[in-house]
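Take a look at the structures below.
The following pair of complexes shares a single chain, chain A, combined with chain B in the former and chain C in the latter.
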Partner chain A sequence: MLALQILVDGFAISALYGLGAVGFTLMFGVCGVLNLAHGGIMVIAALVGWWVAADYGAGPYGGAAAGVLAGMAGSFVTYYAVIRPIQRSRAIPKVEEEIFILTGTLLWGIMLQVGLNYLFTNNPVSMQPLLPGVLTFAGVRIPWNEVLIAVLCWGVIGLLSLLVNRTRIGKQILAASINPRALTLLGFELGRVYLIVWTIYGVLAGLAGVLLASFLGASADNAGALTASAFTIVILGGLGSVPGSLIAAYIVGYAETITAYLIAPTLRPIPALVILMIVIYLRPQGLLGRR
Partner chain B sequence: MGRNIRPSRLLLTVAVLAAGASAPLWLDSYYVGIFTVAYYFGVFAMSWDLLFGFAGEVNFGPTFLIGLGAYGAGLMNNWGLPIPLCLIGGAVVAVVGGIVLAVPALRLRGPYFGLVTLVAVLLLLDFIVIFAAQTGGEIGMMVPDVLSVSTDVNYWYAFGFLVVSAAILFGLSRSSLGLILQATGQDRVEAQALGFNVTKHKIAAFSISALFSGLAGAMLTFYQGTASVDQMVDLSIAVQIIIAVVFGGRRTILGGVLGSIFLVLFDELLRPIGQLNTFVVSAVALLVILFLPDGVLGWVLRPREPR
Partner chain C sequence: MKFWQTRCAGILGMAVPLALATITAAVAADQPPIKIAVIAEESAILGKSITDGARLAVTDINAKGGVNGRMLELVTYDDHSSAADAVRAFQRAVQQDHVSAVVSTFISEVYLALEPWSARLHMPMITAAAASNLITKQVHDDYDKYKYVFEGWLPSPVIAQAVCDSSHDLFVGMLHMKTAAIVSEDADWTTPLDATQAECLPKAGLQVVDHVRFNPDTTDFTPIFNKVEANHPDVLITGMAHVGVQPTVQWHDQHVPMPMGGNSGQATNPTFWKTTNGAADGVITQTGTVPGVALTPRTIPVAEEFIKDSGKFPAFTGFTAYDGVRAFAEAMQRAGSTDPDKVVAEMEKTDMVGTLGQLAFYGRDDTYTHAMRYGPKYVTGVFLQWQDGKQVCVWPRDKCPNPLKFPSFIKLPEQASAK
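Take a look at the complex of A and B:
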């Protein structure tokens, strides 16, 4: 009974973690950007979605759509206001670009967090479930919403993998992650590819934020923790590896759920952090990372 | 050091030192208290700059080292040890913790190193909360002794500590250690090829950074009478340290002090707009990164350097 409950709850949480982390890892794999404002963008989507759904009577689906759009907008602003100026700056040496992007997005993430806190207060908001009702299966109560979230997450991840592997634009993205210079030499505009990746990233982060708000609730104060958890998952799985991130999302999701159910809810984050430390020391490139 | 000191710069140093040391005599005691905190913060920032600016390592966990120093010293004080022993003990705890973290972590590069240091802070936060019976958890741990009850004396302790730390750290940054660290930060392979033991130097830098962070954390604990998560370990403190260094100018050591004083004063100035002040401070720091990547001090010093 308890085992089944853990299995089900862990599955849904892990799917959501996976969705949040896939965009993050894609962004690093293709654009070489570790976006520490990730949690901030997820929270924008969650709060805007909740606001539109509740205050404008758009219902859960209208709210979710608005949230995803807000996530995309957040992603574009991040790209144009923070990342591009750093990449184009003549005063910043290329070898130091990485630490500037880390610091720049960190500051931008804090601005988002504080700004959202000001606009929406830090009370956690919960969106109406997208699907009401509860499914009872073998004595375990599973809200339909949880099922929908797991299905949606995997559906979107599947679509992404189709997009990357089967379409023309996906192949350009793949090529940009392997050898950007060769892609430019073949006459493709790298800037356009990056813009598409930022769009995909915005949709993924936005959707993850909206689903989070309808599952666990979200507030601006979560932004830092969300970034940290995406960062953890992505490093554990191997930077730039999408399958690695998914496996890592499940390890972290189940480690947290098992701890919360069997030991104590307060110790929830610890096992994942310890696993991460051990993996990084033994295998610095992460589970499926390449060096 | 000592080779190219221009008289104007020497004069400026003496004037700043004199103004700083005499501040309690002419400054409102409210601001004396504010500067006291800013000075401890300045030491945090300088220690961080040694790693970030010189060794090129993004340490997201300066508060891990500060927290170890603060809580180490606080626990010892609660066991009945006198303050000087506690300060030494706190510093030792921070250095040992720093080395335990750094030796395996320095095998990692860039973001991996950053994440490990970040995780170290999260784990420390969790442990402080779990062992709330000893550490006071989220409320903070009271210590029985304080440095002094007088605002002015506390100010002078902080100022003296800042000046000594600044002299040592600045000296180190201009020594061969600083140069080698800078070389490794820019091109690790070439530095190794030149025969420098890169890892040894980085561990040395990490230990020195840990020593000053831990000592400053311990001093701050005995200034405030409590070691608290909010003011010493929380990630927001790490962010403020990063802002201070980036704003003041990385790779200058002294820029961190400038940045800390700016941060603390700006915070006071912006108090009327309430919670939005963090927003404004972060925005200013972001603009500095985008338009003056060398920070304020780096920008002031740059044009004169070639001469």
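Take a look at the complex of A and C:
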């Protein structure tokens, strides 16, 4: 019974970790941007979703839709207000652009956190489950919402895979991640590809934020931890590798769940850090990293 | 003639108080205000209520002429619940802004960081909710040094006693429960809370079958609930303040079949129902008071002022901060001075009708020196239960005879044994 409980809980939490990290790694893989405001954007989606559902009676699905839109809006603001000015600045040498983007998104993340604290207080909020009720299977109670979250996460990741591998725009995204210069020389507008990636990223981060709020709850104070969690998974999986991030999400999710159940809930964050240290020591590019 | 005598007496009767009031106001305007500092986290509901409560008390005191003819002025600092920020704010309040007293944080770890500074700078200070027994232990063990420190809420072991007293009446007496599990966040205030509960719950009729302490950063409580449930307790006695929404929502969504009682600081917030989307239904927690309960003649009028002022019923720290400022003001009035030693001496004599009960502090020789006195004659706090979106007072039973209600997934002992 305990093994089944670990299997189910680990699967749901890992799927959510995966969804949160996929957008983050896609962004780095294609645009070369390590967005340290990632947790802030997830929290915007969570808080706006909760606010619209609770204050405007929009229900869980209306709130979730509003949250995803807020995540997209957060993503666009990050791109237009923080990233593009740095990329277009003539005062910033190209070799220093990455460090400026890192610093810029870090500061932007802090601003988002403080602003959200001011508007919503730092008390966590929780969205209504998208699917209420509990499924009892072999003596294990599984909230239907947890099942739905796992299904949704994998559904969205599957759609993303279809988009990247089977569509014209997906192939452009793939090409931009491999050789952006060649793509430009072939007449494609790189700016348009980047904008599509930021849109996809906004949807993924927004959906992850909304699902997080309905599963575990969220507050602006979680923003830093959410960025750190995505960062750990992406480094472990290999920067820019979507399959690597998914494998890493499951390694981290199950390592945490097993520790929480079999050793102590207090030690839950430890194994991910130990695994990360070992992987960085033995394979600095991560599990499936290519640069 | 009699007509003129009556008229003159009437005019004098109106003119003299008016003139005195004008003179008092003029004198008050001439004298510098007495500054009171508030150091709390503005983005936390418990912290915001501290500032709101202190502000309301200052307004009320100033409306009645201030203290010794001087107006009170509030100086607020946001400590972001960080000990370092709080210490910096405290130093600035004393050395730069020249405040005469400090009302401070609800977090024990932060208040403990301020305690040496209060002692070093001889600055009277009261907390609105920090409950660690180390706070008063230091005052008790080294009185001359730490005598400036007061605790405006009950210390943890006393809170634990209130939990045991209420558990005896509610869980054992009314619901015939026999076992409990203690589930607490790992924080300074819960160490003595858990130790006392482990001793007093069996005496109250509840055998403790499990004891879990979890990291306050925990977000997934599923393993904790699973571990506890395996030992089949009838009730979960919680000790939470840093967390609250997440365990409550997960308890509800996962249909954990035992009721939650004890202490859940965030559940004392009137907004808790909304932040948990109603998952709070059935949760029981200790608090200062709830809407509609008149613990003293002051409770409801002050609550109404709060609602008029900020649009909502405050968290219990609003009441404790209000009483803390009033206690300081009355001590300064009696002392005829803001001299710290004289104010402390008068604070120790405090015996006033507060918003949550008769407010007095334990003395130098008591175990919890300078903490708020506990008992039916003083302050006991109340236990509320969230029922259909409302905070309903359920203990002490003489003041709150309301029935208990639980959501359908809760299995009470009779139901469990019938299965």
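In this section, the second predicted complex is superposed on the first by the 291 of 291 C-alpha atoms of A that agree within 3 Å, B and C clash if a C-alpha of one lies under 4 Å from a C-alpha of the other, contacts with A are read in each partner's own complex, and residues count from 1 in each chain.
The rule is short, and it goes like this: a residue touches a chain if its C-beta (ideal position, glycine included) is under 8 Å from a C-beta of that chain, and two chains touch if they have at least 3 such contacts.
Source: prediction; values computed, not measured.
> Superpose on chain A as described above, then tell me if chain B and chain C fit or clash.
Result for chain B and chain C: fit.
> Identify the partner contact of A:143: answer first if only chain B is touched, second if only chain C is, both if each is, neither if none is.
Touch status of A:143: second partner only.
> Looking at the overlay, does A:216 come into contact with chain B only (first), chain C only (second), both, or neither?
second
> Quick one: classify A:189 as touching chain B (first), chain C (second), both or neither.
After superposition on chain A, A:189 lies in contact with neither partner.
> From the overlay on chain A, compute the angle at chain A's CA centre subtended by chain B and chain C, rounding to the nearest 10 degrees.
In the superposed arrangement it comes to 70 degrees.
> Contact-wise, after the overlay, does A:266 reach chain B, chain C, both or neither (first, second, both, neither)?
After superposing on A, A:266 lies in contact with both chain B and chain C.
> Chain B to chain C: minimum CA distance in the overlay, Å?
It is 5 Å, taken between the nearest C-alpha atoms.
> So which bits of chain A does chain B touch that chain C touches too?
117-118, 266, 269
> Would you pull the chain A residues touching chain B in the complex into a rising list?
Residues in contact with chain B: 34, 82, 85-86, 89, 91-92, 95-96, 98-100, 102-104, 106-108, 110-111, 114-115, 117-118, 224, 228, 231-232, 235, 239, 266-267, 269-270, 273-274, 276-277, 280-281, 284.
> Quick one: which bits of chain C touch chain A in the complex? Just the residue numbers, please.
It is residues 41, 43-45, 48, 186, 212-215, 217-224, 226-227, 243-246, 249-250, 253-255, 266, 269, 271, 274-277, 279, 409 of chain C that touch chain A.
> Using the touch definition from the top, list the residues of chain A that touch chain C in their complex.
Going through chain A, the ones touching chain C are 2, 5, 9, 13, 50, 53-54, 117-118, 121-129, 132, 134, 141, 143, 145, 216-217, 219, 222, 225, 257, 260-261, 265-266, 268-269.
> Tell me, which parts of chain B touch chain A in their complex?
Going by the criterion above, the answer is residues 52, 56, 58, 104, 107-108, 110-112, 114-116, 118-119, 122-123, 126, 129-130, 186-187, 235, 239, 242-243, 246, 275-276, 278-279, 282-283, 285-286, 289-290, 292-294.
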